[in-house]
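In what follows, a single structure is set out as structure tokens and then discussed.
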Amino acid sequence: MQPNQHLRILTISSMLMLVLSIYMVFVYAPLEIVMGAVQRVFYYHVASGWIGALAFLITLICSILYLATRNLKWDHVALSSVEIGVVFTSMNIVSGSVWARPIWNTWWTWDPRLTTATIMWLLYAAYLMLRQSLENPQRRRTFAAVYGIVAFVSVPLTFAAIRIWRTIHPVIIGSSDPSAEGNFEMTPPMRNAFFFSLFTFTFLYVTLLWHRIRLEQLTVQVAAMQSRLLNKLST
Amino acid sequence: MPKPANSQRPQASFWRTVQAIMWKDLTSELRHKEIVSAMFIFSLLVVLIFNFSLELDRATRDNVAAGVLWVTFVFAATLGLNRTFAAEKDRDLLDGLLLAPIDRSALFVGKMLSTFIFIIIVESIVVPLFSLLYNMSLFTPLLLVVLVLGTLGYTVVGTLLAAIAIHTRAREIMLPILLFPVAVPVIIASVQASAGILEGNALGNISGPLNLVVVYDIILFAIAIMTFDYLIEE
Amino acid sequence: MINIHSLSKTFGLKPVLRDINLSVPKGGFLALLGPNGAGKTTLLRIVSTLSRPDAGEVSVAGLNLSTHASAIRQLVGVVSHKPLLYVELTAEENLRFYARLYGLVTAEPRISTVLAQVNLSAHRHDLVGTFSRGMQQRLSIARATLHHPQVLILDEPYTGLDQDAAIMLDDVLRSVSTAGCTLLMTTHDSARGLALSQRVAILSRGQIAFETRSIRLTPTQLEDKYREIVNA
């Protein structure tokens, strides 16, 4: 399988967009007056959180499709999306923590969003461990699909449960709670940088997903070739 | 073409199957008592360890009792859930259940209810003991409702994931890793509701967490029924 | 009764069954021979609905396996090398449990009948954990025939049986066969398979290598044929 032209174009354009988004986040967007430079974490923090959620939603959809159709490609997408989602969720949690140190004066707080993100990370780490610990490939795919569904459904319930404690996490988009610490109003350049980051990360997600699915398909092909070769040698 | 020959043959109804599986599990347990006794002893050990590690004196006790109680039950229940399919799996008996013309979700419900009964038995011994040891009354009807609903939700999702964990390498380790993050909502909500009750709040004040427990029970039960088929076939 | 049409099954990437075509008529008795690893157990697991085929069609009593699995389960009884019995329950309790799973309404007289058939009436109230391997296998036959199956699938049923139990199993198989039950059995004991069955087939490397009417062969001829195929 030759790396196809579309994928190459996608890879190059997402690299260019990433460079442009770095420029927008660090140069184009103005300095926030109250929080200072650390506010710039916000652009990538939200974007990576968004990709985490999107990736796990894709896994949910592909898990359902896999159970319904038993088509291997859905399992490849589900697995690839979890791996990418876990990486972006980790970035989301770490960048949030970096921002929280100067703003909330602590690395960590048991706020609903932070806690939910962490539990979400644990859920999908468990998903990957589950796949590791099943030998039978058919069973691995089916069980992972079921867990992919159960895990995703539990996330909003987790958020609701932790919501029982009061939140201090700022809500930048939509209604803003004045009591939240670290709130700010976005100026138009900030908004441009923010939405461009979101767009870039989504683009990057699609590129990475495509690469990862291709890798998975190549793995399957290599295994099939190996087994054909072994069968030929044995007969 | 021969017509489907089973038309005059009785097929086991859903509830008859559930009852048969529960009867079998409960009879086995009555003879061996290994699951209930292990969960019970383990619960006592957890309570004991909490006592030493938290210095449960009068003042702190009131604040943490609900948490201690739930953590104890969650840990103990995990032991029981690990055994839900273990006997059948280890002695190659799953085929016997799968060969039978039964509704697969009846198998799930039967297994889930047996484990639920085992856990409730342990809770109904530990709760009075806990009251006795710490000289605090846990016998409000509302608390018992929360105990039953929370345990039900945990058992539903636990039974589903036990059916997964049973086929993994190192399955005793895999079950809590799979189960705890999924069970977080029902544990938090149950602890919150129980703590509210122990502080003397009325039903109105704990309706938030209590509703969440009920919603969790319903949603996870629906998912379990829909996906269990996929977990037991080959 | 059993129709298998171009059935294939792979485990991971390893083909276990390749393009199997086989049929057993109503009331027929097919003995399936073959070395370990030839795919006999897999084939039987597919016919008994425990495993799903990757390709091909299987039907039992005119019912398609992939769409009517539950109806087929009601018609099929299975004896495998696993006894599928609960050691902490008595013989009677085991049968009662399975009778409930199969929806048997008047279970008690039927339980007595099958227990008598396998000569275990005296041990009705004994725990299965105290049974010898042969006794467990006999009870396993009682379990498999409990719900009047129209098809009986037997995977190496003679494994672990002593001489008396083996003769008793011969009798049980003959009587269910005469009663019109369709039988599909794997065995290592080619002479016994030949004597009991109407047709024999040899499965080798996932393919049916040979099939004929049992009456056409002497045990020695079958042995020779078997060796020729397996060592080819």
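Each chain gets a letter, A, B and C, in the order it is written, and its residues are counted from 1.
As a working rule, a contact is a pair of C-beta atoms (placed from the backbone, for glycine too) under 8 Å apart; a residue touches a chain by one contact, two chains touch by 3 or more.
These figures come from a predicted structure and were not determined experimentally.
Across A-C and B-C, it is B-C that has more C-beta pairs touching.
When chain centres are set by their Cα atoms, the one at the greatest distance from subunit C is A. Comparing chain C-alpha centroids with the centroid of the full set of protein C-alpha atoms picks out B as the closest.
Separation between the centroids of subunit A and subunit B, computed from CA atoms only, is 32 Å. Subunit A and subunit C have Cα centroids lying 51 Å from one another. Work out the mean CA point of subunit B and of subunit C, and you get 38 Å between them. Across the assembly, subunit B contributes 234 as residues in contact with two or more other chains. Among the residues of subunit A, those in touch with two or more other chains are 136.
Across the interface of their complex, subunit A is touched by residues 157, 160-161, 164, 167-170, 174, 177-178, 180-182, 184-186, 188-189, 192, 208-209, 212, 215-216, 219-220, 223, 227, 230-231, 234 of subunit B.
The residues of subunit C lying in touch with subunit A in their complex are 12-15.
Those residues of subunit A that touch subunit C in the complex are listed here as 136-137, 223-224, 226-227, 231. Subunit C makes touch with subunit B in their complex at residues 26, 45, 48-52, 61-63, 68, 70-71, 73-76, 78, 80, 82, 84-89, 93, 97-98, 100-105, 143, 150. Partner subunit C is touched in their complex by these residues of subunit B: 1-6, 9-13, 16-17, 19-20, 23-24, 27-28, 31-32, 91-93, 95-103, 233-234.
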